[in-house]
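Below, each structure is written out as structure tokens.
Look for chain A in each of the two complexes below; its partner is chain B in the first and chain C in the second.
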Partner chain A sequence: MNNRILNNIKKDFLIESRNRSAINISFAFAGITTLSVSLAAGGVPFTPVVHSIIFWIILFFSAMSGLAHIFIREEEEKNSLFLSLYYTPEEIYLSKLIFNIILFLSISVIVTVLYLFFLQVLPVYLFLFILTVVAGSIAIASVTTILGAMVSKAGSGSSLFTVISFPILLPVLWTAISLTSVSIDGTGIQEYRNILFLLAFSGVIVSVSYLSFKFIWTEL
Partner chain B sequence: MHDKLIRIEAEKIEKTFAKTLLFRNINFNLGKGDSFYITGPNGSGKSTLLQILAGIQKPSSGNVIYTSDNSVIESEDYKDFLGFTGPQVNPYDMLTSIENLTFTSTEPVDENLMIEYLEKFDLYRHRTKSVKYYSSGMKQRLRLIHALINNPEILMLDEPCSNLDSKGRDILYRILDEVKNNKILIIATNEPEDINLCSKGINLEQ
Partner chain C sequence: MKIYHRFIFYFLIFIVMPAVFLMALIWVPPAEFLGESSRILYFHVPVAWISVVSFIIAGYHSIMILCTEKGRTEREYKSYNAAYSGIVFTILTVITGSIWAKISWGSYWNWDPRETSIVILMLIYISYFSLYSALKDNTNRTMISSVYLLIAMITMPFFVFIIPRVYPSLHPDTIINADRKIHLEAAMKLTLFTSIAVFTIFYGYIFRLMNRISLLEHRLQEKQNDN
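Take a look at the complex of A and B:
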């Protein structure tokens, strides 16, 4: 099974590397939004809470712009039956999940570096900040992977994707914003335990998605 | 690949879409060496019945039962025994034929077999081109290679000759003649030549 998951991930990276528009648009969106915020701020100092909110809003919309693509592409290019004939729903789900986690962590790295540099933010607890970005990104990728599959099967595209993602991601955003704020201003460090909430949230979503994916993916 | 005795039994299969009845009371039993055609006018449900037999769609009522040495195979495992192709089965346009075949081949990947099939279907010289540059006939040849390459026990072909020129049809018929005695072959078609390949079948018009 591991080899087959790797085959599918390799295939997705190969296709995306040859048809660069979708991935490049996601990276460009993340970069341009971060730069726009820094220009709009015009050197005005934000409080840590405002920094955290803006930072996670950028990450949320970056996810919305790119993470449903991996499933929508299979449907739009009419490859889903071909894929289903050779790979089990579980193999498909895990490979797409890993692809989305890698993609979104890459987007998060770009946003984080640009944000910290252009808005001149230096978190007091850098390790907690990085941990929050990683755990929050994994949680967002876990939710958007299964929702991307649903939206692709519903044939409704990215607008529905954003609408249904927001309420489910609200607890993640709430927790991530609070942790990011703590890591930037250095007060309330005892809240670091909320990292466990982000990781547990991802675990629950991935488990439920893994079990239910075949009912979403196969038209039976 | 599998030396077990595979059988397919269709039991009172019925399919309705909304309130429209497509077909009902379809019964047959197929074993190794049987070749079976499904024919009927456009919209009669040939492709739907083939997809039901492949486990891609569910019937409204009735059952499809696969057995291997008399033990029932779960529908999730049908794909291990099945080579299926049809107009809805599209290899990835951004990959080459070799990359597509590597993606769908069972482990370990046999490159010599891939080359052999690409040569048989006259696609070898196009092996490094992305599939998006293939003509519709070349895509159909590639679909057929995908159905055949894992040497499945059951071969299900939906309109196998669509878009094929006379040379492509000759190649396909030669290969099907070679393999049909060792497999269960099911073809959904309206082509008289495809029907003549088969020993029995059904007409969904009746």
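Take a look at the complex of A and C:
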């Protein structure tokens, strides 16, 4: 099973590397949004709370622009039936999940570096900041993978994806914003335990998605 | 439904329910600090309760749709109707809550943790309907929207039970609070619980009617397809 999942991930990366437009657009979107915030701010200092809110809003919309693509592409290219014949729904889900986690972690790295550089933010607890970005990104990728599959079956674009993702992602954004604010500000370090919430939330969503993905992907 | 069951049912809705309204508006003494505005409690709490109950019913039918093939069509419209009535009660909760907030706290909206949790519930209902209508031509519509409700159910305890207890709130103590005590006078307690009970029965009545209409529409559609 592991080899089959790896093969599917390899196939996705190969297709994306041949036609780079979608991935390029996702990275460009993340970069341009960060730069435009920095440009609009024009050097005005923000409080740590405002920094963390803007940072996570950028990450949220970057996720909305890129993470449903992996499923929408399969539907547009009429590959979903072939995939269903060759792979089990669970294998498809896990391979797309891993792809989305890798893609979103890469987007997060770009946004984080640009944000810290252009808005001149130096977190007091850098390790907590990095840990929050990683845990929050994994949680966002976990939620958006299953929702991306739903949107691809609905044949709708990114607006539906944003509408259905927002209420489910709110606990993640809420916790991540508060943790980022703590790491930048340096007060209330005892909140670091909330990292566990982000990881546990991802775990629960992945477990439920793994069990229920077949109902979305296979027509029963 | 048997004739005497129907009699009790109609008695509760058409006699007891107006009586509860009169109790809430005239008989019950106003709360100590909140004054006359506290009377909205007997409408706000029941509609908030129903909006959560509807969500649980919609979620339950969605889980059953995924677990068993038996009665899938029937469960589809039960789940949809529960969500449909749920969004109406959620909007009523937001309206009654914001009127009360204006009187007690000075503004209609404060982003209090309790206010936030009910808005999230409303957003989940709106997202569910958006997804449901977008899947119009998909034969797997029931399954996909059921999975969405199932995932939404995972996040709800976070908003309803965790956030309002972790973050400071201006909202009065809920019935399920840290002291495990209801801080109300006996008359207020009686009116509140009677109100919750009759509102729940009223909700059951509406929900049953909606399901009957959906069943008849489904049969009519099947008949038209056969012809």
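We take it that the second predicted complex is superposed on the first by the 220 of 220 C-alpha atoms of A that agree within 3 Å, B and C clash if a C-alpha of one lies under 4 Å from a C-alpha of the other, contacts with A are read in each partner's own complex, and residues count from 1 in each chain.
FYI, a residue touches a chain if its C-beta (ideal position, glycine included) is under 8 Å from a C-beta of that chain, and two chains touch if they have at least 3 such contacts.
The structure presented is a predicted model; accordingly, all values stated were derived computationally and were not measured.
By the touch criterion defined above, A:7 lies against chain B but remains apart from chain C after alignment on the C-alpha atoms of chain A.
In the overlay built on the shared chain, the residue A:85 is in contact with chain B alone; chain C does not reach it.
Judged by the touch definition given at the top, the superposed model places A:174 against chain C, while chain B stays out of reach. By the document's definition of touching, of the two partners only chain C reaches A:208; chain B does not. Of the two partner chains placed around the shared chain by superposition, chain C is the only one that A:163 touches, whereas chain B remains out of contact. With both structures placed on the common chain, the touch criterion links A:18 to chain B but leaves chain C unconnected. Of the two partner chains, chain B is the only one touched by A:77; chain C is not. Residues 219-220 of chain A contact both chain B in one complex and chain C in the other.
Every residue of chain A that touches chain C in the complex is listed here, in rising order: 143, 146-147, 150-151, 153-156, 160, 163-164, 166-168, 170-171, 174, 204-205, 208-209, 212, 215-216, 219-220.
For chain A in complex with chain B, the touching residues are 3-4, 7-8, 11, 14-15, 18-19, 77-79, 81-82, 84-86, 88, 214, 218-220.
Every residue of chain B that touches chain A in the complex is listed here, in rising order: 56-58, 76, 79, 82, 84, 88-95, 99, 102-104, 107, 130, 146. Looking at the complex, you find that chain C touches chain A at residues 66, 120, 123-124, 126-127, 130-131, 134-135, 137-140, 143-144, 146-148, 150-152, 154-155, 158-159, 163.
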